[in-house]
Every structure is written in C-alpha cells, then in structure tokens.
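Should a chain be cited, it is by its letter among A, B, C and D, assigned in written order, with residues numbered from 1 in that chain.
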Amino acid sequence: MEEGIITAIRIVPLEHYILLSFLLFSIGAAGVVFRRNTIIILMCLELMFNSVNLLLTAFSAHHSDPRAQVFVFFIMLVAAAEVTVGLSILVMMKRNVDSVDVNQLNRLKG
Amino acid sequence: MRRCNNSFQAYRYTEMSVLVLLSVLGVVLLYLGLFNNRGAIAGVGIAGLLAAFVLVAADWHLESPLFNGIIQFDTYARSFSLVMIVVTVLLFLFGIDYYAKVKENVAEQYALMVFSLIGGLLICSFTNLVVLFLGIEILSIPLYILAGGKRDSFRSGEAAFKYFLQGSFASGFLLMGLALIYGATASFDLAAIEAFSTALVGGQDMIFLLGLFLTIAGVAFKVAAVPFHFWSPDVYEGAPTLITAFMSTVVKTAAFAAFYRLIANLQLPGAVETMLVVMTICTLFLGNIVALRQTQFKRLMAYSSIAHTGFLLLAFLGTDARTPEVLFYYLGTYAMATVGLFIVLTLAKRAALGDENIRIFRGLFQSNPWIAVATLLMLLSLAGIPLTAGFVAKYRVFVISLTQGYLWTTVVAVVMAIVGIYYYILVVREAFTAQEQESKPIVVAPLNWLVISICGAAVVVLGVMPGLLRM
Amino acid sequence: MNQDLLAALVPALPLMGAIILASLRRKLSTNAAGGLATALMAGAFVCSILLFMGFDATTGGRTVKLLDWIHVGSMEIPLALRIDALSLTMMLIVTGIGSLIHLYSIGYMHEDERAPTFFAQLNLFSFAMLMLVMGSNFLITFIGWEGVGLCSYLLIGFWYKTPEYNYAARKAFVMNRIGDVGMVLAMVLLFQRFGTLEYATIMDAATGFNDPMMIAATLFLFIGATGKSAQIPLFTWLPDAMAGPTPVSALIHAATMVTAGIFLTVRSSVLFELAPFTQDIILWIGTATALIAASIGLFQNDIKKVLAYSTVSQLGYMFVALGLGSYSAAMFHVTTHAFFKALLFLGAGSVIHALGGEQDIRKMGGLKGHIKITFLTFFIGTIAISGLPLMSGFFSKDLIMAFAFDRSPVLFALLLIGALMTTFYMFRLLFLVFYGKYRGNAHPHESPLSMTLPLMVLAVLSVVGGLLNLPHLFGGHEAMKHFLMSAADGISNESLELSHVTEWTLMGITTALVAVMIYIAYGRFAQKATLEGNEADMPFFKRLIAQRWRVDELYRALFEKPYAWLSTNLFSIAEQKVMVPIMNGVGAAANSLGDGFRRLQTGYVSFHMLAMLAGLILFLVITLMSN
Amino acid sequence: MIAALLLLIPFLTALLLVTMRPTQARPIALVASLASLAVVLFAWISYTGGTVIHYDYDWVNAWGLRFVVGYDGVGLLMVILTAVVFPFIIGAGYGQPEDRPALFNGLLLFTQSFLYLVFLAQNALLFYIGYELTLIPVFFLLLFWGGADRRAITVRFFIYTLVGGLSLLFGIVYLLIQSGGNGDFTALANLSIPTSTQLWLFWALFLAFAIKLPIFPFHSWQPETYYMAPIQGTMVLGAVMLKMGLYGVYKLVFPIVPAGVEHWQTTVIVLALIGAVYGGVIAFRQSDFKRLVAFSSLSHVGVLCAGLFAWNTYGISGSFYQAFAHAILVLGMLYLVGAMQERTGTTDMGAMGGLKGHAPRLAALFLLVLVNAVALPLTQSFVGEWLMFAGLWQVNGWLTLFALTTIVIGAIYMLYAYQRVMLGPDRANVTLQDAGMRDHLYLVPLIAVTLILGVYPGPILELVDAPVQQLLSSLSVH
C-alpha cells in the first residue's frame, strides 16, 4: 500500500474517525431497530459493518499495522455471505406473507 | 489452559487435517446429494465424523499453534471439539429416521451441519479475535439456512428470518467490539490482549472497556444470555426439531467454549465483572420463571436452555481454576440429555400429528416403558436430581460460585433451580400419566431407540461416575 | 416362702388372669371365667396376708427389683415393688375387697354374655391398682395410675351400645388425663430436683428442703390426686361413671381407684409436710368438695348417683384429713370407707338386680320384706357411713373431725354439717328403698349366695372395722397409726392435743345431731307412697342444688363446646383458608410472574432487537455507574 | 459386607421386579425385606458400640463426595427401624393395588434401599443424595396409585420437599467450602463456624428437615398427601421418611451449628409444639379416618421434634425412642384404616360405628393399637414421651406444660375416633367379617413389639444413649 495514503489518513486525528464510525454505527443500528422494511434493514446492517471497517482501517493506519486491513477483507466477505443468505430468506418470506414488513412475522411469541 | 507463545512452531498435520477433513466431508456430502441416496449420505457423514473424532483424539496432549498461531488446538479445544463431534454423530443417527420422509435437499442439511460444526471447532480453539469472528459466522450462517429448512413451513421461515436478522445485528456489535479492542491494544492476538489487560489493571481505558463490553454482548447473544436471548425461543420453536437439537447442543457448547476462552485469562475490569453478574442473575431468573408458563415442549426447552445458560454463566464468575472442567462436564451432560429429549419429542409429535404441547407425552410409560424411563432420567438430569449428571453439574457450579464468594447470586440460582425442577416434573408427570382415550401409539425405530438409550444411560453413568467425563 | 416371689405374685396373678381370660373369652362360661378370676384374686389376697405376716415393721420396708426399666444417662428407673406398711394396707384392701367383689360379680353378671371380658378387665384393673400401690417409685405408681384409668374407661363403657355410657367413659378418662398432666409435671420436677424417682430416696433427701419448687411439686401431685379422687374441680366424672356395672362402681369408684389420690399424698407425706401452703389448699378443696357433693346427694333419685356423690364427699373428708396433716386418719377413713361404701354399692347392686335393672328410688320402696339380707346389710352400711357410735365410720370420721376441731371450730362446724347431710341423704335413701310400700311393678327376689355372701362379710367388716385403729379413748392404742408410721414419716409429726372431755363432748354433739337427722328423715320419707320428683316447682336455690349446681352444664359451655368449635374451625379456616392457600399462593405468584415476563417475548423482531439494544445500553449505564 | 447387603438386597430385588414383572411380586418383595431384616438383626447383635465404618473410599473426592457408609448407635437404630417397618409395609394386606403389583413392590424396595443409604451415609453429600433419591420412588407411588387429585398433590409434595432439599444442598456446599472440600460428618463436626454465620446456616440446613417432618408452618403438604396416598405410601411417608428429618437434625444440625441450635432452640420447640397442639385439636373433629391419622401424626411429630430440640440426653434419646414407637403406631393405625376401608368401603367414620358387635376381635386389636397411641405406660410410646418431657422440663417448665396438653388432646381424639368407628348401637343389616388370620398375623406382632419394648426398652435405649452422650459432651467442648 502506498505511504501517501497512510499519512493522509493519519492527518485526521483518530478521535474523528472513532466519532464518525460510531455515528454511522448508531445510524445503522437505529435503522435496523426502527425501520420495518426488510430491504432497508439489510442496508442498515451493511452500514453497521462498514462503519466497523472504517474504524478498523483508521486504527490500522494509526497503529501502522496491516492485520486490521486483512480483517476488513474478511468482514466484507462475510457480509457478502450474510446478505446472500438474508436475501434468500427474504424471498422466502415474501412468498409466505406477501410483504417485506418485518413485523408481519410474529406467529412465534410468548 | 496454556497458550502458545506466538513463535512459529513445527507444522503439525493431524490437527489441521481435522478442519480440512470436515470441509471435504461437507463437499462430499453435497455431491452425494446428487444421487439421492439417504443411507449413504448419513453413513458417509457419520464415518467422516468418526474419522475426525479419531484425528482430534490422536496425540491428545500436544498443543501446537496452527495457521501462524491464530488457532491453538490444546486440550481445552480438543475436549469441546470431541463433545461437539460426538453429539453431531448422535444427531446424524437420528437424522436417518428424521429425514426418511423428506424428498430432496437432505444432503444439504447434513452438509450445512458439518460446516456449522467446523465453525464450532474454530471458535473453541481460537487465539485470535479474527478467527473468533470468522468462526462465529461460519457457525451461524449455515444455521440461518438450516433454521428455515422446512421450506413449506411458515414457522420455519419465520424462525430463519428472525434468527438471521438478530444474528447479523449481534454480529455488528461483536465486530464493533473487536474493532475497539484492536484499537486499544493494537492486536487481535489473545495473548497480547491479555497482556494489555494485566498491564491495565487499576487503570482506565474507555475504548478497551467498551470493546470488551460489545464483544461480550456479541458472544452472549450466541449463548442466549438475557437480554440477548430474544431469538432463542422463537427460533427453537420454529426450526426443525433436529436443528433445534443441534443449536441447543453443538452451537451452545461451541459458543460457551469460545466465551470462556475469550475471557479466561483476561483481567476483566470491575465494570465487566458487574455486567456478567447482572447478566447471570437476569438469565437465571427470566429463563426459569418464563419456562413455568410454557406448554409447547420445544419452547419450554428453549427457556430451559436459557436457564442453563444462567447456571453456566454462574461458573464464569470470579476466576476459578476448575471452571473449564465444570463447563465441559456441564455442557457435555446437558447435550446428552437434550439430544435424547428432542428425539423423544419428535416421536411423540409424530404420534400426535404435529402437536407440540407437553400433553403429547401422556401414556408414554404405558406404551414404551423403557423410553419413558430414559426420558425420566434425562429430565431429572436437566432438573439436577441426584445420581444424574445434571446434579453433579449444578452442584459443582454452586461449589465454584460459593468459593468465589458470590453468596447471593448463588441463593438466586438455588431458588431458580427449584423453579426449574417444577417445569421438568410437569413433563415427567405427563409421561407417566395413563392415557385416557386411545390414541396413535408412539413408534420407536431401533436406531432412535439406541440413541435415546445411549443418552438416558449416559446421564446416569456420568452422574454416578463423573470422573469418566474429564478434560 | 420367698418374700420377693410373693410380692411379685400379688400383681402377677391378676395380670395372668386378665391375659388368660382375654384370650379365652370366647371359650369360657361365666362361671368358669368368674371362678378363675376370683380364685386368682383370692390367691393374691392370700399372698398379701402372707407378706403381712412376714412383714417386720421395724425394718421400715423392702424394695423388690424386678428389672431395669428405663436407664438413660443418669436416669435409672427400675421396675421395682415396695413392700411396706402403707402398700401392705392398700394391698390388703384391694385384694381383699377385690376378691369379694369378683365373687359378687359372678352372680351379678350371670346373664351378660360378655361376662368373661368383664372379668378380664376387672382382673386387669386389679393388676393396675396393685402396681399403683406397690410401686417403689413414682413412675411405677404412674403405670398403675394410668392403668386404672384405662380399665375404668373400659368398664364404665362396658355396655358399649349406649352412646351416653361411652361418653361417660371418655369423660372419665379425659378428666383423669388432665390430672395426669399434673402428675407428670410433678414427676419431672422431682426428678430434676432429686435425680431419682424412688420414694425412699426422695423422702430421705427431701427433709430440710422447703422452697417454691416443693410447693409446686406438691401442688402438681395434688392436681393429679384431684383427677383420680374426684375432687373439685375434676369431680364431675365420678357420678357419670355409674354407667358401669355396679360391681365396678363398688370396686373402682368407691373402694380402691378413687382412693389413689389419698394414697399418693400419704406416700409423699414428707413433701406435703414441707409445703404448708399446699396443705391449706388441700384442706379447703377437701371441705368444699365434701359439702357440695353432700348437698347434691340430698336430691338425687338414682340409687347409684346418691352413693356416687356420697363417695365424692367422703373423699372430701379424707382430703381434709390430709390437709390437716393427719395421714393416719385419712388412711383409716380410706379403709373403713372401703368397707361400707363397697357394701352399700353391692347392696344397691343387689337391689337393682332384684328389681331387674331398676335404679330410680322413686320406683322402689318397701323392699325390706322381699330381700332381707340385702336390707340388713344395707342398713348396717348406712349406719356405718352415718357414723353411729361404735360403727367403723364413727371412729374414722370422728378422728378427722377431732383434728378439724383442733385446727379451728369453724372447720369442725362445716364438716359437721357435711356429716349431717350425709346422714340425711343416706337414711332418705334407706327409707325410700326399703320402707313404705313398693311403688314399682317388678317382682323383687333375693340375690344368689355368691352375691349375698360378700354383703355379709362386708357388713361384718363395716361394723368391726373401727377396731383397726381404736383410739385411746376406747382403750385402744391406734394400731393402724403406729403400723403406718414406719412407712409414712408424715404421720410421726401428727399430734392431737385435745382433752378427753372435749373429745367426749364433740362425739356427744355429733351423735345427738345425727340422731335428730335420722328422725327427720324418717318422718319425711319412711311412709311415702309417692314422691314428687319434678324439679320445676322447687325454689331456685333448691333447684340449683338438685341440678348438681349445674357444674356439668358449666363445663360443657366452658370447655367442650368451645373445643369442638375450635377443632372445626382450625381445620376449615386456619388450615384450609390460610395455610394451604399460602402454600399454593407461592406457586401462583411464580406463575403470574412468569406470565408477566412472558409478554416481553412479543414476537416482533424489531422489538426484540430494540430490547437487545436497550438492554445493552442499560448494562452499560449500570456498570459504568457501579464503576 | 453388611452395608453392601443392606443396600443391594432391596435394590437388586427391586430392579428384578420392575424389569421382569413376575406375577408373584409381593412374596418376592416380602422375602427380600425379611432377608434384609435378618441382616440388620445380625448387625445389631454384632454391634459393640462406637461408630462402625463399613466402606470408605473416595468417590469423587475432588468435590467432597466420598462413599463412606457405617453407623453409630442412632444410625443403627434407624436402620433397624427401616428394616422392621418394610416387611409390614409390603405385607400390609389391604390397599395393595391390583394393577402392576411388581412395579408397586419394586418402588417400595427402591425406597427401602435409598433409606438405608440415608441412614448409613457418613458423608454429608452421600446423605443428601440418598435423601433426595427416596423422593423419586415415592413420587411414583403417589402418582400411580394415589387417590383423588393425585396429579396436583403429588407435584406439590415433590416440589415442597425439594425446596427444603435445595436449601440443604446450599448449606452443605457452604460447609464443604469451609472444610476445604471434605464432606465427612466427622470433618464437618470439627469446623468452628462463626456464630453470626451459624444463625442463618442453621435454617439453611434445618429447613429441609422441618419440611420433611413436618413441623408447624411447613406442614401444609402433609395432610392432603397422607390422605391421598395409597395406604402403603402413607406408611412409607409416616413411618420412615419423616424419621429422616429427625436423623438429619441429629447428624447434620446439632454437631455442626451448635450455636445456631442454641439460638433457635426455643423458637423451634415452640413451633413444633404449636404444630402438635394444632394437629391434635384438628384431629378431634375430622370425620375421615385417614385424615385423622394424618393430623394425629402431625401432632406426634411435633412432640418428637420438641423433644429432640430439648437438646439433652433425655430429650434426644426419648425422641429417637419415640420415633420407633411412632413408626409402629403409624403402621398399626393405617393398617386399621385399610381394614375398615375394605370392610365398609369407605374411610369416613360417619359411615362406621356400632361395628364392635359385628367384629369384636377387630375392636380389641384396634383398642390395643390405640393404647399405644395415647402413650399408656408399659407401651413403647410412654417411655419415649416420658423421656422427652423430662428433657423438655430441663429447658423450660412452661413449654413442658404446653407439651403435656397433647396427652390430653391425644386421648380426646383417639377415644372419640374409637367410639365413632367401633362403639354405639349395633348397625342393622351390616355383615362385617371379623378380624381374620391375616389381621392377627399383621397386628399381633406390632402390638407385641409395642408392649415388649414398653416393658423392656433397655436394648434400644442402650443403642441411643452412648452416641447421644458423646455428641453432647463434644458440644460442651465447643
């Protein structure tokens, strides 16, 4: 990886990154909790994951340690896998209850 | 539990080959699915698992790092791996009968279980947080699919959906936690992190604390500790019984192994300790109390599983050398009892045409006395009545928590244990009450009979001679 | 012959009889059973006499240890018999009168098909009574004490088909039990105090102590005595006990069992000597009982009830004697009373037998012609109890009254009134039963020899009984007193400082007034053809007495009804409305708690995730706070 | 050897019965119980005092669970009690269910062997294990053969008892940690626990026994359970199982938390006596014979417990002696309940009465049993009660007076019951067969035991005396 980018990243103080990714993470989490459309919820999940990726990258830059970036790739991979599964499940749901509203599904309770 | 120093050691074939073997096994099973030959599938699956068993059991006390020291296949890991493999074998045996009626996609079911098992092996041997994360995902993703295994069943679908959403949500927290820990310690390596935590003792590091906090939350989700338990009742009930059994045994075992491996040698900040205590009390309370009102057996088992999570967490409190020993014993015997019970449930459910109310056990003693007795033994074991393994397990947990000085937490646990006995006894009562009107008899295939007997016998033998199940 | 063996035989023989008869009660005829029982009692009597012969008063007595009964820690209670003057006296009375009554019963119970059972129980009673008097320590005495209680329960309820009889039997047993509570308390107290229950040891050790504990102990003993000897407040069972066959009334409720209380007091006279307070209480309770019972006796119309109340009042006299500390007088009266009261009861039995079960004196009268022997003997009994000069009752009662006068003239006056009432109701009874003309409609016939023989024997005894303890006044030297002195130390410090003149005058007054009473009674009852019986037209006070001071009603209202009420409601309210609901309530509470928390599991996935999030944040806050 | 025989004879026979289901189940069970009785008698003869340890090997020592079995005098007495009682329970002529006799007797024998385990155990955990195990067979006895509403009552009984059990476990675990993982009674007795701890630890341990006995506020499960259970089930509960409570107190409470006992002594005695009076008073008006027995048992047990907590030689010895007497008594009473039930088809005394005329022998036997119930001298009960009262007096006179009221109360309800069952005018058109061979075979030995031990209590008292003395002296050392 090119030195320039690292330094570029380092210019911004770490706290900002942390704050930003916290913000993104919270937005994601809030979205997951409060939105009812499954598609959007999936996107919010992505958002959460990516905020983490951002954070990791920032950390790795600041610790000047590449392992975190490797981890980021793993995360992307896993996220992809999850989304695939998620979407397939979503299709199944659509088939069962003709809707993508998460709260349509509540036969199991109590 | 010794940890390897990070230095590169001689490449050992056997341990790694377990993972390789299992992955191959999964693929092979998928291929076998093409020639829709069930007997072969289960057979191959079991053979493969047994091979894995041998490989794990071989040169027992060798502890060698793998993959550049991100995995540590030590006694701890081996022991839990063995339990998981054995239980999976039992489930496969059960599967032969369970999937007998199903038309297609049987091979996928087996294969996914194997994959999930790999995840389990990974997380009970990790020494690097990355592996922890990957392992958990490898463990979970197949489960999301398995939970929805009954494509034509609404409930199964709902279960899969809920499991997936909450699972990924939790993964998010886990990831955040890991990232923060990394941020604080500049390393994913457990040893390093432990070193950091020891250095930190007394001091404060917000990032690290928060990181630990979220990580634990993420793992706690997997073991279904309150308040991260919401998924388990719904998923347990909705998922196909075989998968429910798999989740409440293999997955639970793996998750706990990982959980303890994570915090075992950490110098937990006081805040986290408190969190654990509160979590334990809540889990004990909610699991048992709500279980009182369950009439659906699978849901009952879900809450009882939460309750047992509570007891297991009790063994986490403080730092006691005996904890891994106890965890191992508890989980092993718990798995045995649970597998057996779920098989009995399936059989009774068939006879009752899909009803899952505990009433379906009625008349069991009339029709199949021995099965009834085995059921009794397994239930008593879960309830923790003496001379069953469950008693020894609970007893040892109490010993630990009292030794660590958690007097009141233990009192709560004891009270909750009484509550627990109540709902198990209700099931016993059903099983041993005579059936009034004539109903479809409960048929037990020889293979199932064998598995149930094994489980029933195991809980007593291990209860009388606990020494047999040692790490 | 070996004294110890003899001593052992005395209770053993009746016990044997009881066991044999009980086991063979189906096979034996009345005569066989009665014969066996009587023979065994006679055997016991003979043994007692032999013991009496071989007894040397100077040694003070011997203890015959049969076996080690209770031995725990430092508690050693042997199963042992004590042979001394006191026990010998009682043994002679019990076995002697006992055998006579057994004999009598053969005739009396002839028609009853359960006669063998009757004799078995009678023998068992004799055994228990003998244990009571022969015991060498309190606990052995207690064996007999409770044993006679049981037998009296069985015999009162012998005719079990009549509910009233069963009730009477239960009443007797329970009241005795109340007394026994006192007895047990006394025993545990004495044991703690002296570390033993042996009479000999305690009496030796006791001298010197006098403290509240001693008062308590003696009071407890006295409570026990009131139960057995039917003193106020526990006397109401004795009249009801007349439900039993008449021989039972004679043996148990006149001659022997009811005197157990007196016996016990004399046994432990030393202790009572150390507790003057208790003695006073005994004195006044005795007086009260004597008077009240006598007053009730005046209006009874059931021949046995009259005798029953007379018994109660006579027992009262004995307790007065004890209260005055004149134990020999008490024992003397016990003896003579045993004679004439047994006689009277058996006579009454003979009358009832003659009239085929009739007990109401209003339906009697003019029997002296039909049943001569019964009449004569009954007459002797009457004059004996009324204390006409030179009769046995005369000596014993006057002795007591002399002691009373020595204490206070008032007491003497009260006792005198009692004595006069006794005379009155006894002669009323005599006249109503035997004089005038017959008011009933049965065909009176004299009883068989087996019944009349005991009557005659007892009659003789009632006459000459006084000689046993002839006072100096009449040239005697108080034989019985000196005999008993070796056994009951209390006797030695009796003293009667009365000049002969005073004694003569007292006797004179008594006798004169008694004569007057007899005259009045004769005038009122001798020639009655009919008898007004209805209490309705009596004046209030008279009616109150006639209704036995309404004590039974009082007790029923005070104890029986509330107890029954309590029993019912403790179950229906305390148990079923409180205890059980509490137990179930705990479970219900847990369940409702479960229901509550169950609602958390809404099944809405967003809510679940929200909850997770909330929980997480909550934890965060809590832990950071606690940090 | 002896211990092995005791534990195995009933256990193996039971296994055989429940697996093989032979038709002649009852005779087999009877033989087995008699065999174990023989063994026990041999043990008694060869017993020379002190504490005899038969086996002592580490089971899972790491967690304080060692297999140590043996007995001191009191333990032996309890073993004798069990051995004597079970032949009678199995032999009880009436109330034996027709269905699944093999299972029934098998469960009985299981109970017996577990009871042996309880009384032989010299290790707290082993004791606890036996203590809980006894519940399982009884649970099924009640569930299978109980009367009306058995499903609910059985579970209630089970859970209520386990509440005590778990608190006992808690206490034991706590002790184990104090003693460094050595659960032997000897080791636990040597602990010196701070008084403040003993005050609560006492209840943790005692609660189990208070419920098992049961004493007053913890008794609610007892009447309904006794009433609902089959005759033999009630016999097991009343004759032996509640004795585990007494034994437990003697073994696990007195030596280990003496300070606690000292502090709570009066409280417990008062509660126990309240229960004694409460039960006795209620028994008076009970119209059902079986319930009456239940409440009378409650009453008797109250006195037993009070005597035990008098905590001196007389009290404790008396209590254990009385425990024996009470077992025999319960057998007799319940057998009579069964006998009447078979004859009149009910246990309601309202439907009885006036039966003496028809069944004089039965009445006589009843009377002889009753004599023991009201603790007349020269019966077994009297010896026990006398000792207990003597013991209680050393503690407090008023409590003794309170306790003594029970002898009046007892007389009241017992005689009333006898009258209502037997006495009164003959029942017309009732044909009632009188006590026959089996009744005599059953009741006469019981009565004989009662009277013999009433006249010659020596042998039993000797057993109890020495260990109790030793216990008390060791406490005074503390």
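One rule holds for everything that comes next: a contact is a pair of C-beta atoms (placed from the backbone, for glycine too) under 8 Å apart; a residue touches a chain by one contact, two chains touch by 3 or more.
Since the structure is predicted, the reported quantities are computational estimates derived from the model, not experimental observations.
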Chains touching both subunit C and subunit D: B
Which of B-D and A-C has more C-beta contact pairs: B-D
Centroid spacing, where centroids are CA-atom means, of subunit A and subunit C in whole angstrom: 100
CA centroid of subunit B to CA centroid of subunit D, Å: 44
Cα-centroid distance, subunit A relative to subunit D, in whole angstrom: 68
Euclidean distance of C-alpha centroids - subunit A vs subunit B, Å: 27
Residues of subunit C whose C-beta touches two or more other chains: 587, 598, 601, 603, 605, 609
Subunit B, residues touching no fewer than two other chains: 161-162, 165, 169, 233-234, 422
Multi-chain contact residues (two or more partners), subunit A: 29, 32, 102, 105-110
All touching chain pairs, where touch follows the definition stated at the start: A-B, A-C, B-C, B-D, C-D
Residues on subunit D engaged by subunit C in the complex (per definition of touch): 156, 159-160, 217, 219-221, 223-224, 278, 281-286, 313-314, 317-318, 354, 356-357, 364, 371, 376-378, 382-383, 386-387, 389-390, 393-394, 397, 400-401, 404-405, 407-408, 411-412, 415-416, 419, 422-426, 455-458, 461, 464-465, 469
Complex contacts: residues of subunit A adjacent to subunit B: 14, 18, 25, 28-29, 32, 38, 41, 45, 48-49, 51-52, 55-56, 59, 63, 65, 67-68, 70-71, 74-75, 78, 81-82, 85-86, 88-90, 92-93, 96, 102, 105-110
Subunit A-facing residues of subunit C, complex: 598, 601-606, 609-610, 613
Subunit A contact footprint on subunit B (complex, rising order): 130, 133-134, 137, 141, 144-145, 148, 151, 154-155, 157-162, 164-165, 168-169, 171-172, 175-176, 178-180, 182-183, 186-188, 207, 233-234, 237-238, 299
Subunit B - residues contacting subunit D, complex: 380, 385-387, 391-392, 395-396, 398-399, 402-403, 410-411, 414-415, 417-418, 421-422, 425-426, 429, 432-433, 466-467
